Amino acid sequence: MQVEYPIAPPLNISQWFNTPQAITLESLRGRVVLLHAFQMLCPGCVSHGLPQALKVHRLFAPGDVAVLGVHTVFEHHAVMTAAALQVFMHEYRLDFPIGIDQPDGSQGVPLTMRAYGLRGTPSLVLLDRQGRIRLQHFGSIDDLALGGAIGQLVAEPGPA
Amino acid sequence: MQVEYPIAPPLNISQWFNTPQAITLESLRGRVVLLHAFQMLCPGCVSHGLPQALKVHRLFAPGDVAVLGVHTVFEHHAVMTAAALQVFMHEYRLDFPIGIDQPDGSQGVPLTMRAYGLRGTPSLVLLDRQGRIRLQHFGSIDDLALGGAIGQLVAEPGPA
Amino acid sequence: MQVEYPIAPPLNISQWFNTPQAITLESLRGRVVLLHAFQMLCPGCVSHGLPQALKVHRLFAPGDVAVLGVHTVFEHHAVMTAAALQVFMHEYRLDFPIGIDQPDGSQGVPLTMRAYGLRGTPSLVLLDRQGRIRLQHFGSIDDLALGGAIGQLVAEPGPA
Amino acid sequence: MQVEYPIAPPLNISQWFNTPQAITLESLRGRVVLLHAFQMLCPGCVSHGLPQALKVHRLFAPGDVAVLGVHTVFEHHAVMTAAALQVFMHEYRLDFPIGIDQPDGSQGVPLTMRAYGLRGTPSLVLLDRQGRIRLQHFGSIDDLALGGAIGQLVAEPGPA
């Protein structure tokens, strides 16, 4: 019997930045995808998660690995606005595509975060070339371990 | 002929946090004062300046050294609001007194920043026990050098 | 036309540590091999290369990745002796197999270092599961990049 | 009643490096002295203590602060020889005066280390301008704290 990896749920994004058009996971089939879920005022995201996502974005070939940020605001909604996020992205030179996770309408956990069952920020989700979830991690993860995981997925074949 | 150090200009603060009442430099005579001028969305402040200010606050005796943060917003005024600053202070566990530099009324350089002639953030100003400016520095400064400067001022006598 | 990767030259080791018997590259076929060439008094090896080799040794499954140190003494032969190396390994808690590169008999470049054409220390050589050289690097290499390279080789099939 | 600080015991050094002549503590009266006791194969000395001593040497004016290394070999005597130490000093670019602590003749704790009652390496001893011991610390110490301690001693008057 073989383990079946689940296909990642669709992203539910209210607004995209650093991309000319909305991004769907389907459009990224054939590439490994790193989703980095963060909040702009989360210290662990700022000191570790986002610099690491940026490093992955710089290191791997765009045809092999796509890095997407998801701003999963689940607290302090009033100050982590789209306008604030844009300043933050500018000041921290974040140039990979970042989407605002669709609010739930009542200051709670936003919809993508809920669909993936993320426990907080920073969280990282790795999808293989077939769009399946292969790693989901809450908190910080060492560069060597993350590189190893991405490298293994890069070496796998894409969808037929 | 002896060098005369200038008395630091008064702080011009619109709102204080982490203190039961407004703080004046006069009330701190007799102590060395570290003013840390920052903006909550300034990467160098977040990664270096504010952790260093917090470390000074923890390390030196409160009767010897007072640490004050000044939120000198000179750009992106719309998103670095008092409400956003409060979330930031909470998330980063900043527990020393922090004041919002008085805006100039037209989205420019706020009034304390202007009075001190600060060039940007992070900036650090060290006052001796007599309230005179002894060090003013824009950018990051090494812990050993800062410790040395503070130690020398701590060893000086206070006002007669 | 396909690139042909060269089979790694055999190790030429005068003395092994941390292993019950001499190790040959042939005996490691089927595993990815990380060779870390170092000198115990080389600052870059001590601060970066050896901690990284140790981290690879801890992180990857022994059946997937084998880490070998090679003490390639090409200078200061009189003080980087076998006895000194043993103290160094003990103090730095290096517990992966380490071999002393066979001296050339005249205080020059030792024989394994010469066979691989290494330019200095630290140097790193990555072999795939078939014993072929896939990466050779002089100086420090980032953890994320090294993890990515190892991960890709781990995902490749072994020899038929 | 006033605390009396003890005058530091004399150094007992078998061989000096990086100085044209033997150094006595008496000859340094009027300056703050940082003694850094280390062993060349002690990881904490290499990663933290020695870089910090070098930083102090670079930062403070030579007329204010003198940095001395003492190679206090209390274990593995056979490999931490004078010749090995010289290679080590060269490779790590240690250019402040370093003396070899006088061996006790039976592979035990050397004589300066014994006179100061040091518990291991790295250890740091701070003397004031009058040659009195003001701080003695085993293990690592933070740059800010060390800078603060040195700064306070620098500000004190020298001997009459």
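When the chains are written out, they are named A, B, C and D in that same order, and each has its own residue count from 1.
One rule holds in what follows: contacts are C-beta pairs under 8 Å (C-beta built on N, C-alpha and C of every residue); 3 or more make two chains touch, one makes a residue touch a chain.
All values derive from a computational prediction rather than experimental measurement.
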Chains contacting each of chain A and chain B, listed by label: none
Reference chain B; chain at largest CA-centroid distance: C
CA centroid of chain A to CA centroid of chain C, Å: 35
Mean-CA-position distance for chain C and chain B (Å): 50
Chain D residues counted as touching two or more neighbouring chains: none
Chain-to-chain touches, reported pairwise for every pair that qualifies: A-B, A-C, B-D, C-D
Residues of chain D touching chain C in the complex: 41-43, 46-47, 76, 78-81, 83-84, 87-88, 91-92
Residues on chain A engaged by chain C in the complex (per definition of touch): 52, 55-56, 59-60, 142-156
